[in-house]
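Please find one structure pasted underneath; my questions will follow.
Chain IDs A, B, C, D and E follow the sequence of writing; residue 1 opens each chain.
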């Protein structure tokens, strides 16, 4: 009897593993193929330096993608992340200009993002407006507010400390080159990449190990069933949208810190890249399906593609065509997999 | 179990419940009650309003009119959560399962077992589900598959398990055996007996006259939204009930059996 | 009366600077008011036409227009003419089909500005090597002149090899990423040109953050605080700055002059100044910086 | 007996009418309220001239919205219409430049749009890729192709006859004013508005009176059920996407004709306006619900809002905020209505 | 109707059908046939594979292995349309209705009535539906409501009406009465008799032993994906069938009744 159950569990576990692993392996394979192609096309592509650059460049889309994954699993969508990113970044900039120190200012920025997300969540749940429309409205409003606050001008001269988050690097090793000039031995891991890792781990923990995560899946899978089972569906959705907003705010601060300037025009169409990352990573826009690991891989597929095509000097028009095509093919491969 | 005395406080007392949809009156001034350890069968033609009445009691639908008391106290059931907190569990006619989750996740949905740190205790949930599901259907093995890939009957078993696993006082079963095979149906009948002996009150919506006469203490018939009669099972014959269901009234010249009708 | 100032987009510091100039022109008088509008991006030409038509419908006294497209705006300008509304064109030219329908044209010659940068580029890097072009929106009116003449000039007067152009869509973050990628892919780069404000800022940041930027000659375009700082710190060797403030100020003045019955010039050059670390504190530069 | 059925039918009919009428009335009310507010804010708003301008300005979004309505009813979405509009317009321009007469060139443009839609339909049905992703890919690819074909430069000097469709007007009456100068008595009805009306009528006929229309609703309502009932679900969807593409092509030609030049950069984010129009008009992104009349009203709500805010001299940043807000409120009112 | 001779061509002949889902074998080498004017009951525990087998015959699922012949000719059923063209109609266990459309639109979905100009003839569709629905359920009145607002039983009636309205030769009914009230169930039984007399072959999936013994000529039992026996109804008792369903074999010492088992 005991043996039987052990077997049962083993079977279940192995099934789970094999399915998850299958997914991962195929997506990682796509990444590897891209890396091989681009390494051949441009030798500089496969340098440590460029690897760190890709980590850095992908971190903003990665953060937005993680937030979107939460929302997408509930069966929703968040079109406002690009605008919220800009609003949070400019508010941070303005607050610093007004004399608030950098760290509290950054918290204010994240709070602004979370507030936008909270409003999205309320509009979706309490006013019962389709997420597409609710967040489309927020997309326009957040951008309008960011532009109005700054008069469309970038907020500049925010000081050195504002740039640390976006431009700093961990384990940077600079040796001494010939003629006593410095020479970079290891370019260092960019702080944004580390932040992305931390965010990914915490959200993955939330989704897998906490009741809230389970409820997010249940809500997206069958909202009525979840409600009847006593899941606070509205609360669950509001949490998802608020987290998405907060992560957009965080991404905004990281981006603006990288730029050293708070730009109210930044982040246009970023939502599409973030959604593409989540969907390439296996999230279903019908709800109920999606993982953080998958989204991260999806974000890297897009990031590597952009970086590699730039490195290879491909015309930006052709780049658009290629990226559009790869998005469809990547999702197609994912579908094939699920159909067994 | 002996018939509960008329003077004990009923577990559930629904008074003058009404529910409209636009022009459609789904539930029309219906009163009903349920005592501890009693099974009340709810019958009626299709569209008579049975499911609506039950959904109102389970907090999934709010009535336009009417008062509900549980254990003699007036309650407001604004959400399934309110009902659940009062020990009201429901097996819905349209099985309410989250298709992408597996059986244990569905069973414990909304009241997950947790480790001391507040993390989900998937291992314990799996073992518990295995036990309760095994009792209802010994063939149920693919516990870790998403329930979307299970057969209709397997899904039904999960829905039943979910209702009885927790501390249930009032159980609503909306056609629980419609999708079940004969052995599973027998299991459910046994289960109803057992729960009843534990003092749980059960509303059983069913179209199966045999089941109703086997299991129920009282039978209540709805016709076009109205309650057309509540009777002790000893007072009526199958033909009486059929007449109530179809015509909305007892056959001409009907007199109660040994005992008086409750209402 | 109302003077409608309609620019290519309001979502840009450059055009908001035109707004500031227009505002300054109206100081100290009460006869005229102005409204400032523009579509959400420089490529939303149909929306700009809508704005002109709306201004005509509400019967404004004059229009200052920065047309996003040389041809598409012609019918709208003609419509204004037919309704007796004077129009002054700023920044970008209209095609000859519009000749006679507007009163004056004020502009920096974008093509000349592109050539000016190219000339300085050749001066500093010589005539061989690779030069990267970081552009903004492909095919936008000013981009054609600015970037087109820059590359043409290089092709004519040197053997410099062009890398790109890359288009940032005026997104600073995109420009930053693209420049980083170009720098690591082309370690032998000798020069780089960022063709408008957000692009030049993003490019400047990438240069400052890169480990292999030694000896790359960089030029930007436009002149906000960020770009001024980048010039001061020596990240950029120079920025070409147009008189955007002047465009707004002189454009509105021209309309007011016309309405008051004075004659105005058919073409007014608002100029371009190459601001370098050497001249950045000189008055000629300070006049155009914002 | 006969009487009973008559009654039955009357009840059904009146129910239908009352629901439809309710919807229309509330939406038209929104339009009227907007008109009243803007007329007060700016007297020029309510002139005949401006009314015709609004008709003209709304026609492009109206056409895109009609195409999107078809796709949305099937439960899909089409993000590519803005890019397809640009591609169709530029191809038309290039073909005219190559010497093809204007009319056949325009047909080629519409055909290019239809082809893009057909590809969308195939990717959605045969490759089974979520419409969001499929049309996102097409959005990037169509834009890339339009830019690559033209080198990002507008295609100019297409001749007078190219401009007739977009700039011509029916019943234009020009009298003689003082000093012998012309004076416009009636500005005329813009051709694009007439085209919009024709398109709306034909598509409404398709949806209401033809089996294909019924199948479009059935597919969006319950795809599996439609398939089991023998509806050619794939074919139905492909028709919807192809029509959406063709209408985007038509809208592109109308727009480019208005501009007098073919612009590869036109139409960015138009898809969002078109989707907003359909949704304000009562279409549900879950599929199965939507009408052409509603979408037209939705398009006019957006068009009047844009025009009226411009006329009232509202800053474009504030405009964005207001439009975002109104989109949400309009949909909210629609929801309220449905909840009775 | 007399029992069809063993030598006549069967209406449907399914041979060695197999269907896997990943590791799960839903249908395991099953053969079955159906003659004109015959009702074959299909029984089995939950998850036995009944619905899968029927979906394969209705073209909604493609088998991994096996051959299907209709009227002696080998056919390939790639889509429900293929099956429909052969006169195979199906009432699915999960009622396949388009929720936003009304009853007539659902009834005629995929084969709408049209005017000479090819326009939809909504008026005629309404009248026809009224007639056929009225026959199954005289209380069915809200024909122009979207079916999402109808009760489970009303929806079932539409699904049944859709299958019998058109020129059906082979009818598959997957638990058609599970959601029906007693009077509606009686109506369906009558209907089955009638269709049978018209020479239509019927597969009836059901969990109700009474119904099966009342209506069927033969009974086929599935257990864990396999066909564990097809018998003439006269040859077996309810207990025999129960044993087949639950254990997958006949009770020890069973011998056929008056006649030999078919297989």
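Assume a residue touches a chain if its C-beta (ideal position, glycine included) is under 8 Å from a C-beta of that chain, and two chains touch if they have at least 3 such contacts.
A quick note: this is a predicted structure, and the numbers were derived from the prediction, not measured.
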Required steps from subunit B to subunit C (each step between touching chains, minimum): 2
Neighbouring chains common to subunit A and subunit E, by label: B, D
Distance between the centres, which are taken as Cα means, of subunit D and subunit A, whole angstrom: 33
Separation of subunit B from subunit D, taking each centre as the mean of its C-alpha atoms, in whole Å: 50
Between subunit E and subunit B, distance of the C-alpha-averaged centres to the nearest whole Å: 29
Overlap residues in subunit E, where contacts from two or more other chains coincide: none
Residue list for subunit A, restricted to those that touch at least two other chains: 147, 152, 317
Multi-partner residues of subunit C (at least 2 other chains): 10, 138, 167
Residues of subunit A defined as touching subunit D within the complex: 77, 79, 123, 127-130, 132-134, 136-141, 143-145, 147-148, 152, 272, 275-276, 279, 284-286, 315, 317-321, 323-325, 327-328, 331-332, 335, 339
Touching residues on subunit B, where the partner in the complex is subunit A: 58, 60, 79-81, 84, 90, 92, 96-101, 105-106, 109-112, 114, 118-120, 126-127, 130, 141, 143-145, 162
Residue ranges of subunit A in contact with subunit C within the complex: 42, 44-45, 47, 49-50, 53, 57, 60, 147, 151-154, 156-157, 167, 184, 187, 255, 258-261, 263-268, 306-307, 310-313, 316-317
Interfacial residue positions of subunit D with respect to subunit E in the complex: 5, 8-9, 11-13, 15-16, 208-211, 213-215, 217-218, 220-222, 224-232, 288-289
Complex interface listing, subunit B residues touching subunit E: 21, 24, 43-48, 51, 93-94, 137, 139, 142, 149-154, 156-157, 175, 178-185, 207, 209, 224, 242, 245-246
